[in-house]
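If you scroll down you'll find the structure; I have some questions about it.
The first chain written gets the first letter, and so on, giving A, B, C, D and E; residue counts start at 1 in each chain.
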Amino acid sequence: MGKDKFLNEKPEKLTYSGVFKKIDNWARARSLWVVAYGTGCGAIELRPTFTSRFDAERFGMRMVGTPRQADVIVVSGYLTVKTLKRVIRVYEQMQSPKYVVALGACPINGGMYYDSYNAINRLDLYLPVDIWVTGCMPRPEAILAGFKRLQELIDDGKADGWKKYIEALDWYRGNQRKIIKNWRMPNYNW
Amino acid sequence: MNIIERLKERFEVLIAEKKRKDLLIIETTKKGLIPMLFYLKEYEGYRTLTLISCVDWIEDKKFQMSYILWNFRMKANIIVKFMLDRENPDFETVYKLWPQAEAYEREIHEMFGVNFEGNPTQNEELILEDWDNIPPMRRDFDTLKYSMEKFGEREPKSRINIRKEISEQYDEWRRK
Amino acid sequence: MSTEEVRLFIGPQHPGVTGNMSIEVLLKGDTITWAKTHIGYLHRAFEKLMERRIFIKSFPLVCRICVPESDTNEENLARGLEELADIEIPERAKWIRTLVLELSRLQMFIMWYGGIAGSMGLSTPVQWGIGDRDYILDLFEELTGGRVYHIYILPGGVRKDLPEGFEERVLKTMDLIERRLPEYDELIMDNAVEQKRLKGLAPIPKEWVEEMGITGPVARACGFPYDVRKNSPYEAYDKLDFDVITEDGCDVWSMLLVRRREIDLSIKLIREIVSKMPKGEFLTRLPNVLYWEIPKGETYVKSEATRGEFGYYIFTDGSGKPRRVHVKGPSFIHGITLLERLLVGQNIADVAPILVALQICPPEMER
Amino acid sequence: MGVKIFYAFIALIGGIAYGLLLGGISRKITARMQNRRGPTVFQNFIDVWKLFRKKTAISHGVMFYLAPIFRLLGGAGTFLLVPIVVGNFYLSNFSFGGDLIVIMYFMVMGCLGMALGAAESGHPHAPIGVTRGLAQMAGQELPFIISVVVLMIVDKTTSVEGIVMAQQGGILHWHIFTYPFAAIAAFISLLGMMTSYPFEIVMAPQEIAIGPPTEFSSTFLSYMFSGRSVFAVAKYVLFMDLFLGGATNLLWAFLKTFLIFLWPLFITDVFPRFKLEQSVSFFWTWPTLIGLIDLLRIYIVR
Amino acid sequence: MGLKEVLKPLGAWRQIARKPHTILVPKVHREAAERYRGFHVNDLGKCIGCGTCAAVCPNEAIDMVKIEGIEGKKGDSGFRPRIDYGRCCWCGLCVDSCPTTSLRMTNEYIWIREAPDDFVYIPGYDIKGFEQKEKGYRKDKEHSFTDYHRVPMREKEPEERLQTFAEVVLGYTEEEARKEADRCIGCGLCISGCPDRMHIPDYIRAVASGEYERSVNIMYENNPFAELCGKVCTRRCESYCSLGNEGDPVAIRWLKRFATERFSDLKEVIRARKQELKDKSVGIIGAGPGGLTAAYYLALRGYKVTVYEAMPEAGGMTMAGIPKYRFPLPSLKKQVEFILSQGVELKTNYFVDPEKFRNLMEIHDAIYLGVGLLKPWKLGVPGEDHPNVIYAIDYLRKVNFNESVKIGNEVVVIGGGDVAIDAARVSRRFGAKVTIGYRRRKVDMPADREEIEGAEEEGVEIWEKIIPLRVEDAPEGRVKLVYGKARMVDQGPGRRPKPVLIEGEEYEILVDRIIVAIGQQADLTFLPQEFAEKMEVERGRIKVNERQMTSISGIFAGGDVANRVADAISAIADGLRAVKGIELYFQGKS
């Protein structure tokens, strides 16, 4: 088994610049690979979004099986504490630049599980979310509109949640550790 | 002789209620439960365990344990229940009778803190992970408070009773 | 490779699992020697939340218990509360409920039918299945105002009447689906590779069925005519004409056959319901829902979901809130007790088809 | 020679581009088959560019880095050894006498390099995928070797160019018509080589996430992606040369490779995948037997 | 595995010729269904801020907030729903329970933001561009959570009523009452209409759940005349009932009547805690509802209370003015007795004159004036001193005290208030043919709508726009009323139109009696000179501050003599308020 190089040092701040910036952003916006992780109810509406009736592949989006190759993680609805831990791991395994899309009311302010002891209320405390799409669940059309908006943001170079995450890592870590009692994960995993 | 009479003959039956054509509710004691389940399974054809459930009657300091059985031939359900002391919630497993009892009991152990002696996996986490409070399904666990403390909310809601607010608004002169 | 055992987690982030769950397996070569289901990734504490909410507020909650098939939950809870509060519902409401339930079963089966092929990498029927299911969701949207979560069945009946011309549109959609089905069959039932992989896969010993409480299509694939719709008829099912579908193979292929025939049955039943739909009132007036109190009691109601017997064990204590609602999802037994035993000795490649065949729906396991 | 290298490089770029384009077309066709519109045919270019410009912040050691390079080299090597247009100075690449053996070696090398790198990645799914890949290769190579041996024997040459030359003189001289059984065996084997269903058991998303490349990302993935594309084109060209009589100009080359490209696509969209042992046993029975018919025929005719 | 199974799947390639069924969103906007539960819109003008949506919301997504430009007023709390789309689950329960149907849903469904804080939204106030959308989930009034239909009150048949003075209204049965009480959504807006600020939703809820004792106890927290109010209250609360906007308001009065009537002995029911005795005493002049209310609560607070009443029975106007078919005597007796049982001393037939008033000022630490309005307003037309012109207030008192009155066969009642209707209906019970003449239109009549309807059922004729000009003597002991017709002149928005006499037209009517019921005024002649000088009087009423204290410290006033509303519940409210005022006054003094 190989040794993970960056396991215990803080990741350096990655910057992307250069003459290709425009083309890069253009390409990134048109080739969003979504990690196939249905974290909540929203997974049920992601399926129509990515299949024949609405066909997100028209915009170059597709599901990939592994976080390493993905650009976008869709937090589809509520997150339980147990899932949050996995989602953080998945997110950190993704390679920059990466984006987070939050679907539904639950990640915004708890949604219908605001009083549940096992579902988090505010996703922005734990992950840098670029796009919030509300609805319960958002229809495929709304999800597509959300992705479209994400594409516009990427085109303009404004979707930089991943940069914020590295900058404010300590703050995010603090929040994450507050609710994940037993932190059995590598500190830095990307 | 119907089943209620047959059960009464053999076991201690505290309450027997025919809820529906196909649903019978029997209350028995802690001691009589497992023999009764065994009898129902082996001799009455209630061969399937559909559900094990637990209810917290905190006022009476009791847990109600319910076992729902299903008779495939008679097409009928029976609920066998008994009251368990809430302070010392120790009971035995019925894992030997039905394999799925293992998972049900594991869940009840996690959610209510009932201890099933003989269940091999009951101490493994099933649903919760790193739980740090009293078993959450107990009535005295306040999930709203826990959630607000642990997860916070975006804009603290006033949680005022709007009805009260309105009536007090009009009530002002009386308070003067 | 070495003969030592490899510990492998399938899920929660894995394209092959049917939802957010995880299966821990020990592998010897390609063969599974031990399996354990891990759940809890979707635990939202529905049962606890319901204890804090007045009865009517539980309805938006319960339909989220099984995400793709929400109506079964609503219907079960509504029927349970009606029984406890002694409310008689109008005849038309019963029929509309039955129609909604059958539509919901049908859409789930169609999605499943594509999904079983998808679990082995054949993605074409997945795309078709989910696409065609959308036409039923369109019907739901028109009827209930929601695509996935309907909150349509309330105690006392249903929330709104059928819109004008809805019956014709239902029949039209049924025609459409019936036209499409042979194309699915060509690709799934008549597929050499499919048959080679599924026939004889993961046979369930017959004695497990009663012992473990296996229900639904899985039990029916083992030759047990167990169907709640027939055994303890609810709503308008006792007035419908149908037979319980059984197969005798006990393997995944039989489960596929059962479900394929269920699709035909559902379409037939929907046609029958539409033709027999009575006129009249669809909602009895409830007491003021804000202060609705139900006398102390307990009951167990169940219905036939696509995955098996879905049960609600409801306690009321005379207050405006339920004392306890225990939701018995069929996947709890299928996904933990049965799956852990069934996977032993299987090839790692067959995990996905077995998962799909048992139709395990994680949210109803942990609620 | 310098000029030749230059032109070979151009051809390589062209090969990658053609491979990516074919990939795009296949996505489009698959989409239409699935009742949807699908991405643009240039989607793969965008994907590769995006991946290329992403950075990898993770490493699992040297072999991990080298694996995609191996893969790309394997693909490029195969591509550069097969003559695209026979007799054309610019487009015959580095083909030489006896190159068929080298080509087959190259075809294996890419996979082996990949296997080493993937095994290094530390993800449990990767070694499973690698084992499957190697076993699968053992399966699919057998019928392919049989049919190549048939061609080598009848044409008395081990060079691709020689085989192409032997097929000149009309459509009926193509080996697909003269030695149909060998061709069938080889084309079934092509399905395995192209990892098309039902023989797509290496990546198997529903079973082992995505198999060997699970841990690969960004730039490495883009190398692998391009490597795969050019590898695919190389195989199409090789099959064209071996069975469809090669090409005398670029237009023919495009046409024939496109036809060959359609064949795996034709199968892949309508079948699910086999299990590993089913796949291997399939290769060792049906295509092998079919290939053997021709071998037997040659033997008898002599 | 035959060849057939290998070839058959390839048939799927037929699909390639088929047109894809992909919907080209977002290029094509796909409108959601007619009933789709999308984002909310609220008609702010229609919304009354009852908070039902917030109460029924399963997720605490709805907060009621004050917003600019909307002030609370009677029947409108001034709050408006604010919805948090980080909480909402689009179940539509709020829409189904909105009593005014102002809240509804559109079929709009796209709401995408980059910041998580942009999801709080006040429908109707924050303009989002989809307010005008017609499609979307709406409330179906007949099939929703709100029951807009009142349980009808059973009454006696008009013919039967005319025979006796027995109560007209039969009252709810228990089942009816619980059903009616259950309609209440508990918003509390009715409280804004009640002068006494009774805890209406609470006691109605208690009725609905069958806890009648608790219900009566809640009423007695601030109204010791609950039964009286249950029968004859002017029930302003009902006009602010949120259900009244789209349907019938909850029958608050009848429910109160139902609950109180169940108990014949209030002493066993009311569990008010008496405080320890204090060495202060209060004198109350006038044993009307206001005075007795003050007496009751002062007694509960431990003060020594004496009530002075000029008439032989306690009850004031409710005793003397309200006819017994509306308010039977035993009911009044029961309530008064209960109040007296709390240690209140009552002196009847005690007519306060200036001398006695000085004396009372000596012996009591505070005085409460609940003297009511006794002097009737006169018509102010020539000839009204004719003996056949009688005043309704005197007439009703005589009837109630069983004194003999003669009214003859034909009567005209002048006025449009409750007293006029009472006089008319009483006269009908004596067999007279009754006409009511009112100077405005029928819709302008201040009397209770149900009373007017009841009167008409009983055969009372109502003439609109009648202005009396003079009264003339007529033969055979009769009297002639000469009157003119009025036309209504609009006074601008929000004001009642004014009747103006049409000159040159005169009509006359020959009747046995003319009953004048155009209001009463205060009679303050009992006040000694030195007090009368200091007492500020405004438009015929004693001026009081918000604690009912007159301009003379230590003297409090309430009821009809001090307020302009002049009904029982206002008098009760004044009494209650005065209790607090008196207590504060004592605290300040000591």
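Going forward, a residue touches a chain if its C-beta (ideal position, glycine included) is under 8 Å from a C-beta of that chain, and two chains touch if they have at least 3 such contacts.
The shown structure was predicted, so the numbers you read here are calculated from the model rather than taken from an experiment.
*Asks:* Going by the contact rule set out at the top, which chains touch both subunit C and subunit E?
*Replies:* The common neighbours are A, B, D.
*Asks:* Give me the chains shared as neighbours by subunit B and subunit E.
*Replies:* Where subunit B and subunit E share a partner, that partner set is A, C.
*Asks:* Please state whether D-E or B-C has more C-beta contact pairs across its interface.
*Replies:* Greater number of contacting C-beta pairs: B-C.
*Asks:* Which chain is most remote from subunit B in terms of Cα centres?
*Replies:* D
*Asks:* I'd like the most central chain, judged by C-alpha centroids against the all-protein C-alpha centroid.
*Replies:* Of all chains shown, the one whose C-alpha centre lies nearest the global C-alpha mean is C.
*Asks:* Among all other chains, pick the one whose mean CA position is farthest from the mean CA position of subunit E.
*Replies:* If we average the C-alpha coordinates per chain, D ends up farthest from subunit E.
*Asks:* With centres defined as the mean C-alpha position, give me the subunit A-subunit B separation in Å.
*Replies:* 38
*Asks:* Give, as an integer number of Å, the spacing between the C-alpha centres of subunit C and subunit A.
*Replies:* Each chain's C-alpha centroid was found; their separation is 30 Å.
*Asks:* What whole-number Å value describes the gap between the mean CA coordinates of subunit B and subunit D?
*Replies:* The computed centroid separation for subunit B versus subunit D comes out at 61 Å.
*Asks:* Give the residues of subunit C touching no fewer than two other chains, as numbers and ranges.
*Replies:* Expected reply: 14-15, 40, 43, 45, 48-49, 52, 60-61, 124, 127-128, 131, 149, 187, 191-192, 196.
*Asks:* Show the residues in subunit B shared as contacts by 2 or more other chains, in ascending order.
*Replies:* Within subunit B, the residues that touch at least two other chains are 128-129, 136, 141, 143-144, 154-155.
*Asks:* What parts of subunit E, by residue number, touch at least two of the other chains?
*Replies:* Expected reply: 9, 12, 15, 20-22, 24, 32, 55, 58-60, 84, 86, 89-90, 116, 186.
*Asks:* Can you list every touching chain pair?
*Replies:* Final set of chain pairs in contact is A-B, A-C, A-D, A-E, B-C, B-E, C-D, C-E, D-E.
*Asks:* Spell out the part of subunit A that touches subunit E in their complex, as residue ranges.
*Replies:* Those in contact with subunit E are residues 52-55, 58, 102, 105-112, 114-115, 122-124, 129-136, 138-142, 144-146, 148-149, 153.
*Asks:* What part of subunit B is in contact with subunit C in the complex they form?
*Replies:* 19-20, 22-23, 25, 47-51, 53, 55-56, 66, 68, 70, 72, 75, 77, 79, 98-100, 102-104, 125-129, 136-137, 139, 141, 143-144
*Asks:* Given the complex with subunit B, which residues does subunit E contribute to the contact?
*Replies:* 49-51, 54-55, 60, 63-64, 72, 77-79, 84, 86, 116-117, 120, 186-189, 191-192, 197, 199, 201, 222, 546-547, 576-577, 580
*Asks:* Show me the residue ranges of subunit C that touch subunit D in the complex, using the header's touch definition.
*Replies:* Contacts found on subunit C: 1, 6-8, 14-16, 27, 30, 117-124, 127-128, 131, 187, 191-194, 196-197, 347-352.
*Asks:* Taking the touch rule as given, give the residues of subunit C at its contact with subunit B in the complex, in rising order.
*Replies:* 39-40, 43, 45, 47-49, 51-52, 83, 210-213, 224, 226, 231-232, 298-300, 302, 309, 311, 313, 315, 323-324, 326, 328, 332-333, 336-337, 341, 366
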